[in-house]
Each structure stands twice: as structure tokens, then as C-alpha cells.
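Below are two complexes that have chain A in common, paired first with chain B and then with chain C.
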Partner chain A sequence: MSFRIIPSRNINALRQLHPNRNRLAPCATLFTATLLTAKSLLEAPTSKLYPGHVPISPLQRGILAVGSAFTALANPLRGDMVAALGETTGGMFLERIRDQMLLDPEGRRILRERPVITSETMQLDKLRELPDGTFGREYVRFLDDQQVSPDTREPVHFVDSEELAYVMQRYRETHDFYHTLTGLPVTVDGEIALKWFEMVQTGLPMTMLSSFFGPLRLSHEERKRLFDIYVPWALENGSNSKLLMNVRWEEWFEKPVEQVQRELGVQPCPQV
Partner chain B sequence: MSTRLLSHTTARARITLLANAKKHHNHRLVPALSCSRFLSTHATPDSSETEPYDVVIVGGGIAGSALACALASGKATGTQKIALIEAFDLSNHINWKPRADQYSNRVSSLTPKSVAFLKRIGVWSELDSSRIAACNGMQVWDGVSGARITFDAAHSNDRSTFLQQVFADAPQSPSSEQGSDQQSPLAWMTENLHVQYGLQKQMLAHKNRGVQLDIFEKTKVQGISANVSSSSPQESSSTDISEWPVITLDNGKKLQTRLLVGADGVNSPVRSFAKIESLGWDYSQFGLVATLEVDHSTSTALDQGKGVAWQRFLPTGPIAMLPLNNGYASLVWSTTPKIAQDLKKLPAQDFCALVNAAFHASPADLEYLCRNIGPDGQPQVDFQKEIEWRASVQELESHAVARQSKDAKPPKVTAVQENTRAPFPLRMRNSNSYVEDRVVLVGDAAHTVHPLAGQGLNQGLADVECLARVIEQSLLSGSDIGNIHSLTPYSSERFLPNLAMLGTVDKLSKLYNTDFGPVVWARSLGLTAVDNMGPIKTEIMRFAMGLEDVPSSAARR
Partner chain C sequence: MATRIALQQVLARRSLVVASTSRTAAFSTMTKALHQHQPQHNNTNNTSSSKSEPETHFGFQNVPENMKEALVKQVFANVATKYDVMNDVMSGGVHRLWKDHFIRTLAPTPGTKLLDVAGGTGDIAMRFLDYCKETHGDNTAQVTVFDINPNMLQVGQERFTKTPYHNTSQVSFMEGNAENLEHIPDNSMDAYTIAFGIRNCTHVDRVLKEAYRVLKPGGRFMCLEFSKVENPVISKVYDVFSFDVIPAMGQIVANDRDSYQYLVESIRKFPPQKEFAKMIKEAGFTVMGQGYEDLTFGVAAIHSGFKL
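Up next, the complex of A and B:
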């Protein structure tokens, strides 16, 4: 065997050959690592990535997540807080949605072309001329009834990735299509039911928080209706249907709602 | 026949002399034993076709050939009558004429321990140094999280006094690196065919200097039986010859042997003959090997990534690129059986694009691309375009990251050598026992391992090194080399280390065969921690380099 242990004096001799050998090197490394960790808590990990991006440090992120969660629970109408909660907690769940999109030809096309949904790109006037019962006509009817517009969505601020910020944006922008698709009303329990549906679909923590804590604010009757009718429907349809993030809604407007539902594997929600 | 028997006698006599000269403690036993054995050999009446041997090695692969060389080069074992049986034509190996622009797809990494052994049996000096690539660094990372561990021959010496001790006279690369003994590589990459060539050359050299080494090539083993016709009365009185295994060859010859060595691979017939069970499982994975051409100027590693082995763990299995010389590299891509078959059919250009993507792109992208290989092997989407788009997205993100990661990039693959893409199934096996009376297993016949750590061949060589030593010792002490008690030291020395390696590699493979969030998080934390803990990293390196038992073997010698 050609390996052999050198007597210790030889090791010392070898050490002298390396004057720069520093016995304290491991300690110094540890110290630097601790410093780096402390520093990285207070430092935003990225520079500004996209218009509207607000780079924040992990510490700020933590505070914002907790703060927005409580504010949103106290007042669910604070859309900015709900949005902040979704963005600060989204991280790896957004990555998962992005990966699912990357696995699907339609999802890839959306990520590549990055369509945005505004009243301009949707050409709402044209949609109003579509026959009754088509997806586009019912979508615009929903917008008109609720007196909302696709332009009122909160822009993304706190997602530290340009592509994931788009995923978040797209998720938000397509929300109204879900109402059209499922027929869920814009009532508190309807929205919570939709959050259950989205939770099964996306696994985003914000949808979970809304699903579990949202019902606390409901009346007894509403809660009973939610858990007896809406939640079972949401769980079943959310898991059976195609991933709705991979749907290019803009191209489905001319189809009747029933056909869209059939093709995506969604049953209309039970009417109450 | 008679001359053979004569030489057999002289061989015995020489051993006796040797043993006496060495003043071994039980030297008085030796003459008596060898005498009785000789008589019994002599007494076999109808052995006109049955030729007696001391050692018959079934399987002329690297393990079998290395054992033949090791035995032939030993002082006592070199006097034994040895046979090597190989089903294929070994002349391919001796006539091996490598071209500088072609590499065989089957490449192995040889650890310092294996190289030291090959040097000792005279094989290393037969090899062509221009066909051996020193591996000075390893980059291993998690394809899901990006967590990375780097091994560096130069740094390892800085960090660990132990490695300095070891490398003070560790084997040197024959290609004489400019670095002194401080820069001893982590491993050496070379083609299996090259090692086979060296072994074959050395075997012939041994033959020429008079070692009784009979090589039966292009010969298959038809059957192995424990007993010849034990009807003859005088045999029952003789001690053990009738119990020696008889190997029937397809050319009609019969060999009777004191010790039968199974070096005949995963589905070892010798193991079946000895009724040794082998446990383990098939991974639902195939490995795809190929010879690649790479462009070193595209690598961001030190010295343009020359001599660096790259391995990325993907949820479908690890992909590894091992350095060869002249801008070539060897690929081992473990993946699902379907993808492995698809990759083989893919047009060369798309294949290269996909290999490059496999070292950079996200697992989701890879899954999408692999799904889009048509049944005819043609890509159903534009691979180049898809990969470029994703790379540009990744590029955009990485620019804005404040603490930019300095992860070294592997060199770009520019071409794949024709007809080198070959898939093979991956499995894990370990024999319940490596020895039985008159039978011993080495190499893949004894154990088979997942290739992710590049340890299979090195384990086999360690087996051979140990077995040759054990046989030598039992010859010197005058015991019967085929007796199970003489073989037990081999088994007890090799079984646990092999099992430990098998278990470690198996667990690693399972740990990385998922993209489940918490598991990814935990393993990434662990990997990063180990990467920052010098001493632990050194221990891992020593384990992988086959140096884990240095103190004991140093003490032995």
C-alpha cells in the first residue's frame, strides 16, 4: 500500500511550508457567516426587477406578511392588504404554479406572450355584442352588474421575480373569469367559496388563510350554507378541473358558457 | 497433461519451500497437506478431460482480469494454476487502438486507492497517459433548489492535514501534472476498455514469463457441478477432490478447481451455482451513457472547467458529465426508462441542446421537453427555441440578484459522438454472502450499485485486491485456498464496506429522487452545511476516494 501516515513532526514541517495556514480560519468563517446572515435579513435580496416592484428585506417581508394578514382579517375590503398578504407569502407556491404552467403548452404560451387583461385588451364593447350565453357576453354582463372593470386590480409589488410577479398578476386578473365560469356570486360566502376552489387549484397560502379564517366573519346561516353546499362543490371541482392558470380565457369568449364548463371540467355551482 | 501435472508438482514444491523459508508458524503442516492434495489430484482416474486448476475465474471483465493479474503477480499465488474464462473475444482489448478523436462510452472513475492497486499489479504503467484524465474538482448540485457542494483537490489539501498525510505519497497521475504532490487529483477518468487493455497486456506478460495462466476466451460456461462421477471407490477415501466444482465449457473441456471465482457480473451463474441469494431492487431508472464534445471556453469554472466532474440531481435522477482529455467528456444520465429510450433516438443536435438544458434549466422545463419527444424520436416542439427562451428568462432574474451566486457553469456540449448513446438499467444488489465452500464472488457478481457516485468498479477492484491478499496469505500459511475458512477473511473485510457504500448511494439516490418541498429544503440545508464544514467534507471525500480504511491498511503493511 502506498499510503502511509507521516509522523507528526512531518506534519509540523508541512505546516511551516504553508505560512498562510490560519488556525482561526474556521472561526472567522463562522463569524462572517453569522454577520452575513444578519446582514441578509436587513437587505433586499434583489434590485428593482419590474415597474411597480418594491424590493424589501426578509425582515420587512415578515412584518408586512403578519401585518397585512391581521388587517385583511379585520377588514376584508382592504384589497391592498389582501394583495400584500398574497405576495409576501406566495414565494415557493408561485414557483409551483409557474412550473405547472411550464409543463402545459397553453401555460407556456401564456408565460411567453404574457397577455394582460385590461378593458382595452378585452375590447369590452365587442364582447357586449356577442350572443347571450357566450362566455364573453356573460363575462361582460358580470362586470357591468358588479360595476367593476378589469383595470381595478392591484399591481404586484412584493414578488422578487419578474416572471413570478407576472404569474401573480395573471392570477389576479383572471379572477373575474372564475366567477363567470362557476357562477359564484360576489357575496362574502361566494368569495370564500371561490377561495376554497382556488386553494385546491393553486395551493397559495393566501387562499388557505382566506378559506380558513374567512368563514369566522360569516353569520351562522351563511356559514352553514358555505360548508354544506359551496365547500364540497369547490373541493370536488377544484381538483377535477384543468388548472385554470393554463387557460387562455381571451380565446374562449365566443363559446357558450356550458361548453367552456364542460371542456374545463367544471360543474356550475349549486344555486341557492 | 503430464507436463501440466509435473509443473503442478513443482508449483506445490515451490510453495512448500517458500513456506519453509519464511519459517511460517505452521510450516510443518504444509508438506503433508500439499502432498495429500497432490495425491488426490493424481488419483482422479477418469480425469482425462477434467483438468485440475487451483483457481478458475469465470468472467474476464475488469474484476476477473484484475484478479488474474493480481494472483499472477503474487509471490505464492503466482505459482498457482489459474484459468480465466470469458465468453467474449478478449483480443478486442489487446488490439485496442484508440483514436484521439474517439472515446468509448463506458468510462469509469478510478479512485486513488484503485490506482494504487493497479500500479502495484503492474497495470497502470501499461496504460496510455494521454487517455487518462485527472479529475481535480467536482461540482454537485441540487437541480430543484440549486444547493451545491464543491470538491476541490487543491483546497482539500489546504483544509485537512489528514489528506496531506495521505497524499504525501499517494499515487501520481502518469501525465505528471505541473502541481506537486499537493495537487493529487480526486480521481482518474478513463475508458473501461483502456483498463481492460492494460490488464490483458499484463496477463500476457505474466503468461510469457511462465505463470500458469490459461485464458479461455470466446468460451462459455455450460455448467458447473459440485461432483464428478463419485462412483469410483478410491475417491470416497480421498479427502476433498470430489467436492471440487467442475466447470464444463462449451468447447467440451472440463476444469476442476480448488477455488471457483465468480466475476461474472450481475446475473452471475457462479452465484446461482453456489446457491447464494442476492437481494436488492431495480431502480425504475435507466442510465444513458454517451461521449460528448464540449467547448471549454464556455465554462466559468477554474481552468475552464478542465478536469472537473459535474453532477446535477434532477427529480428523475442525476446527470453527470465526467472529464476526458482533448475537449471530450463522458455523460451518465440516470432518468426514467422511457426518457432514456427517447434520448437515444433524439437527433444529435437536439440531444446536445437537451443535455445542456439538463445542467441549467428548471426541472419543469426539462420535463416538458422530455415529454415532447415524439414516438419517432423527433422533437415535437422547437427545443432550441424553448431552451433559449427559458435561459433568457433565467438570465434576466439572475442579473438583478444582489448577492450574485458564483456557481461555476459546466462547459457547453457541442456534439455527441455517433453511436455512443446507450441506455442500461440501474439496480442495487448485494449477495447474502460473498463466499461459499470453494466459491467466492467478486465485483458485480457480489454487489451492484447505482452509478451516481462512480463507485462500482472501485468496489470491485477493492474486492480483488483483498481476495488476492487473502489467497496469498492462506497459501503462505499452508491452508487450502478453497476452504470456506480460508475465504472468510475476504468476506469479513469486504462485506460491510460494500454494504455501507451500497446503502449510502441508495439513500442518496432516494433522497434526491423527489421534488417534495420539505425534503428539498432539508437536503439543501444539509448539503450547504456540509459544503461549509471542511472536516466533514474531507471525511466524505475520503470515503468516496476509497481512502476510508487507510489507517488500517497502512498498519497492515
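Up next, the complex of A and C:
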């Protein structure tokens, strides 16, 4: 292969990750932990806990995880497979995100109030009336340009805890805000760059899998651009910024985008 | 549209009866429809006051009898395009061996007129015509592919366009209900086959009676269906495979866990081999020996009866 997977500038960025905020965790322990703590491989551990919950046994979880990983890699348009991959592998890491949210006052408010992001709660028409350059206006512009709506996210099915299901849901729903904040485009390499960013922030295995295997789908130039420009930016900003799961986005709509970026510690992504 | 909501709502209310597992499946979109359901076929409300309505099973759930047909129709409309792929995935290709053996057991002679009920995507019909051509060099065999679901029939028709039987009188397609073959005259068919379809019918006894009516004297009824595995070790492996692997594969390949959950549950609700053979005898058929042959340890079984 003509490219190096981790060029030296990225290794330096990885080394400079703030030690207390190193959120990358080994993935291998995840499945071992599930195997050791599961009561039975063939029985679902809980009953139905929330609307949309599908309790599955550890065996089925493993099959779904592997199957959805390959399907999502082969066909990234299968949003339900990407979602299933995240949910079946998310387990321990959602707990860590939830614990980190509990450490932050805004995060605690989010967990208590559980705001939901749909087109009704976002009041998109009001956002469209905001001045240009504000976070809310740019967010709606992003939605309109990409012709997506906040309602198209797949609901959570395979997380065995009501609170963690909300955390997963919130993580999914705020994805569009990350795009607006960072300025990354909704192309395949933009999404992969955002997955690197999220990997540094959350450590979810799904982000790791997307980050490491996603680039296999890119052309050589796109990969080169990804690892030369986007990934160093993602590593640096992901670790230096505030944990974005703690941000109550609904309250930041009227601020200008540059101010939001400054307060959260994120530099806009380099434009190519 | 109402039938789709009906299906979603029924599947959302499913609660598991099998002792070894404790899963209840519902997707959030379906629970929204849960309290909005207005059944279009009956005029009772859908609370527990269905004592006046006869109920039947739909997978592990109980539903009013006249809803089952619409629900099954919706299931097969959902799976039609991926039906053949999923068959291969779920059985590891073994379903092809079962169907080959089924047609060899039928051993049709030249000029046989076959009614292939629940024939949908045409697996049996194609094998039947191929057998007649290859074994007897015969082009006069005829098959009518009969199915309640237009989507499945359409997939079958598309598959047949790629065969030499396209646009010949050897194959024809008919949409209808197996419980009421009103357009097919009495004593008109040499053979009647129904493969993996009879367990989805609401009234199996009516299907058998209609089969008896349309067969000529000397005609043969043959049914290929999932059945009961007696061997306890294999039965356990089969249960794990059915309830853990198959819905996961349905989710991965077809993005439709619920239809495949219905499928594995409906298999458990169908009568076992001996009981079904008894039902065939009660419909008037003459049954040779036990009346059935187990395939793959009883995962599937071929039941056969003659009209004498």
C-alpha cells in the first residue's frame, strides 16, 4: 500500500492527547466483558424496557454486530445497519459517555430533561428566520442543502438500558450539529473525518470501525487528503474540545457560528 | 394502508410464549400505530372483547381469524423481493435439495397438469417442468402457479421470463385464495402441490377440502412444509438457530426482522407430522404408510395423499 495508515504527524497528535481525556478504549475487552458477565448466551438479559426495544441474546448480538459491520462497509447507505452496529457494540462505551455527562452541569441537565431532536422540537421555520451566520441558521441551511430532516434517524433498538438508549439516541440526533459546527461536508470522506472526531470524543467502537475500515472505500486521492488534512485536524480538535455530548445545542442557536466554535474549542475544518 | 398498520400493530403486541427465551419485539414506529388501529375487515374493537370473534394464531400471537389473511399478505408483500435470497441464507441452500427431492417423489409423468398452490416465486413449478423435460423429454406438462399474493406472483413471473417456458402454455399464473379455488373446476388436476404455504393459511382443513375437490380421481396431493424435529439435541440447536440467527439475518439482509420472526413462530404453531397426516386423511385422501417423510431430521416433511 502506498500510504501509511498513521503518518507521524498523526502519531504526534495522538501522543498529545490530554491524558485525563484519553477516551480511546480497547475494543477487545468489550466482547470479553459481555461473554464473562452474561448470564446466558442464548437468553436475552432483560425484557422490553422502552418503546422500540428489541431484547436480544448475546449470541444474536454477536451475529448482528458482525453482520451489520460487513453490510455497513459494503453498503454505507444502509443506515439501519450502521445504527445496529453502533447499538450492538456500544454497551460499555455508552456507560462511559453517560458518566462523563454526569460530570458536567449541562450534561446532567440533558440527562434529566432528555430533550429530543425532531423537526417539531427544532422549530425549523423559526430557525430559518435567524440572521445568517448564526448557528441555528447555518444548521437549517445545512439540512435544506442536504435535503435531510432530523426525523430520519433510526430509533434505538438493541441497547439494554433506557438511559443508555437515550444517550445513543442523543448521539445520533446531534450528528447534524457536528457537521454544522465543524463544517465537514456530507461526503464519504467528510463522514469518515467526522467519525475520527467522534472516536476521539466518545470512543464508541462503531466510530473506530468506521474510522479504520471506512477509508478502504475511498480512492487514493481521497484517502491521502483524509490522512493528510482531515485526520490530524480531527485528532487535535476532538481531544481539545469539550465533550460535545454535553452541549445543549438547543440553547446555542442564536450565537454566531464562530463564537460557538471558540467556546467549544473546535476549529473549523480545513477547507479543501 | 390499513393492513400495513394492522400488521405493525399486531407484531408490536406480540408476546413470547416459548419458555426458553424472553423476547418481545416491537419497533417504535409500530407502537405508534398500536393505539390507532382500526381493523378494516371486522367491526369489533381490538381490546380483549374478541370472545365473539373466533381467534387464530399469527405466530405466537392470537388474532381475529379474518385478520390473519391480511397480515400474512402484508408479510409476503414485504419479503417478496428478497424471498429467494433469504431462503438460501436461512437454509444454507438446503431448501433447494428439499424441493428437488419433492419433485422426484412426485415423479410426474408426461402431460401432467399440476396446480402449484402458494407457488409464488415459482421454485416448484420450475422444477416440475424441468423434470418432465429432462426425464421424459416432455413438453406437454402444464403447471398453474397459484398464490394469494400478487407481489410473490410477480417475482415468479419475472423469473419465468428467463426460462424457455416463457410465453408457452406450460405455465400460467393465477391469483387467489387456497381456501376457495372457485375458478378451478372439480376433478381437473392430476397433481396438487403446496410447498411452504399451508402453514400460513387460516383454515388448513378448507385448503385440504378444496385440494380434494379439484384433483382427478387418482390424483396426488403433496405438501412440503416445515415440521417438528423429534431429536432433542437437534431440536435445541434448531430452536437457537430459529430464534436467534434467523431474525438477525432477516434484519441484516432484508431490514425486516418482524417478518422472519413471524416465519419461525408460525413453524412452531403448525401441527406436527402425525397430526397433519391425520388431517389429510380426514379430508378424504388415502394415505400410504405413515403418510409423510421427514427431511433433515424433521425440519421439513413431505406429506402425500391420493384421491381414490
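A few notes on this one:
Methods note: the second predicted complex is superposed on the first by the 233 of 272 C-alpha atoms of A that agree within 3 Å, B and C clash if a C-alpha of one lies under 4 Å from a C-alpha of the other, contacts with A are read in each partner's own complex, and residues count from 1 in each chain.
Simple rule for what comes next: a residue touches a chain if its C-beta (ideal position, glycine included) is under 8 Å from a C-beta of that chain, and two chains touch if they have at least 3 such contacts.
These figures come from a predicted structure and were not determined experimentally.
In the superposition on chain A, A:68 makes contact with chain C only, while chain B stays out of contact range. When the shared chain is aligned, chain C comes close enough to touch A:42, but chain B does not.
Residue contacts after overlaying the shared chain place A:148 against neither chain B nor chain C. Shared-chain residue A:54: touches chain C; no touch with chain B. With both complexes placed on chain A, chain A has more residues touched by B than by the other of chain B and chain C. By the touch criterion defined above, A:163 reaches chain B but does not reach chain C. By the touch criterion defined above, A:84 lies against chain C but remains apart from chain B after alignment on the C-alpha atoms of chain A.
Annotation: chain A residues 43-44, 47-48 touch chain B in one complex and chain C in the other. Every residue of chain C that touches chain A in the complex is listed here, in rising order: 20-29, 31, 240, 244-245, 247-249, 251-252, 255, 257.
Contact residues on chain A toward chain C in their complex (touch as defined above): 42-44, 47-48, 51-57, 59-60, 63-64, 67-68, 71, 78, 80-81, 84, 155, 157. Looking at the complex, you find that chain A touches chain B at residues 1-6, 10-11, 14-15, 18, 21, 26, 29, 33, 40, 43-49, 92, 98-100, 102-103, 105, 108, 112, 161-163.
Listing the residues of chain B that touch chain A in their complex gives 116, 119-120, 158, 161, 164-166, 168-171, 362-365, 367-368, 371, 381, 386, 389-390, 393, 396-397, 400-403, 517, 532, 534, 547, 550-551, 553-554, 556-557.
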